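All chains are identified by letter, namely A, B and C, in their written order; residue positions are counted from 1 within each chain.
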């Protein structure tokens, strides 16, 4: 079953840590070993798995993307958010995460961020959980 | 079963909308809820999920990538297409899409693009569909 | 079952070809048709699927990323590796690969690279294999 997380962003460019919300859906699913798929149905936002311990890391990523892809530029799209579409394409908008021992299995310093590039907006994150049927097999 | 979509590109850099071809394979699979995996076996092309309503968006993405990674540069690879390998690495070449209600489930403005960076060429897109066996469970 | 590949990197920025190690895990799994998921639990490293025939390609990718995201810059994170976090975000740290005929199914020129951006370090790559239960169905 597809689950939805709602994310309300408050700035034009902003990374929102959605790790605990994804973890909550994983826990409720009671899947012990499997996969958690995350997909965002937006074209001016992205998904990143990176450090959520020191918040200056996400600020550095936002600033670096802003330098690589400026808001004002030689763009044809008339809505003034071409930079957001380009950043969304660079980061991607789907991730596949592992579930083990009934919990989301990430690295020590990893968190999952919803990356807003054209906010503030009300956004959605879709989650699909699947049990790994090979989990009990010896491989 | 692995399915293949053939894409013939006509320019060096070109985004080809393959959403309807993927949707056709999803419909034929008769999978109601599940996953559609897309993979391209190429090293000078990529995949992007972004806006397919206004075609200036894809042109803006192509132009921005061309500025970030120029065709001519300080490259060691002798085939003259290092920029294409780099763009392919930045965008990636595999995506996992959701199926719900027997249809490819994308956002309102989203389409799936095959991103040619070293054309014109005849290219392949591999598709693998899988039913979600948890679909009927209450989670 | 989650499998782990250990990767020891020897430079600050280095791409390590892990294709054969992933292929070995796929072969041992005895899964004929399915999916091989690759995930790295690190925030200063990435994964790329690109050419492994001419090693100058990976060097070109490393150099281009170094130009786009310099090691020294206007960064807030105090550990001196903000560039590594940004490169990790751009390339991503999870990939979904296809298995067919009991083997990892990649394009002719494709290899899977662990991308170190803050080495030398001892790193891990997580692998999860899943059989495609639709494999025998006519679609």
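The definition used in the following text is that a contact is a pair of C-beta atoms (placed from the backbone, for glycine too) under 8 Å apart; a residue touches a chain by one contact, two chains touch by 3 or more.
Remember, predicted model here, so these are calculated numbers, not experimental data.
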Which rotation angle, from 0 to 180°, best lines up the CA atoms of chain A with chain B, given as a multiple of 5?
120
Counting residue numbers used by both copies over all numbers at the interface, does the chain A-chain C contact come out same (over half shared) or different (under half)?
different
Separation of chain A from chain C, taking each centre as the mean of its C-alpha atoms, in whole Å:
19
What are the residues of chain B that contact at least two other chains?
68, 90, 92, 96, 133
Help me check something: in the complex, which residues belonging to chain B touch chain A?
33, 35, 48-51, 54, 56-57, 59-61, 63-65, 68, 90-92, 95-98, 100, 105-110, 132-135, 137-139
Parts of chain A lying in touch with chain B, wherever the complex brings them together:
1-3, 25, 28-31, 37, 39-43, 68-69, 73-79, 82, 85-86, 88-90, 92-94, 96, 126, 128-131, 133
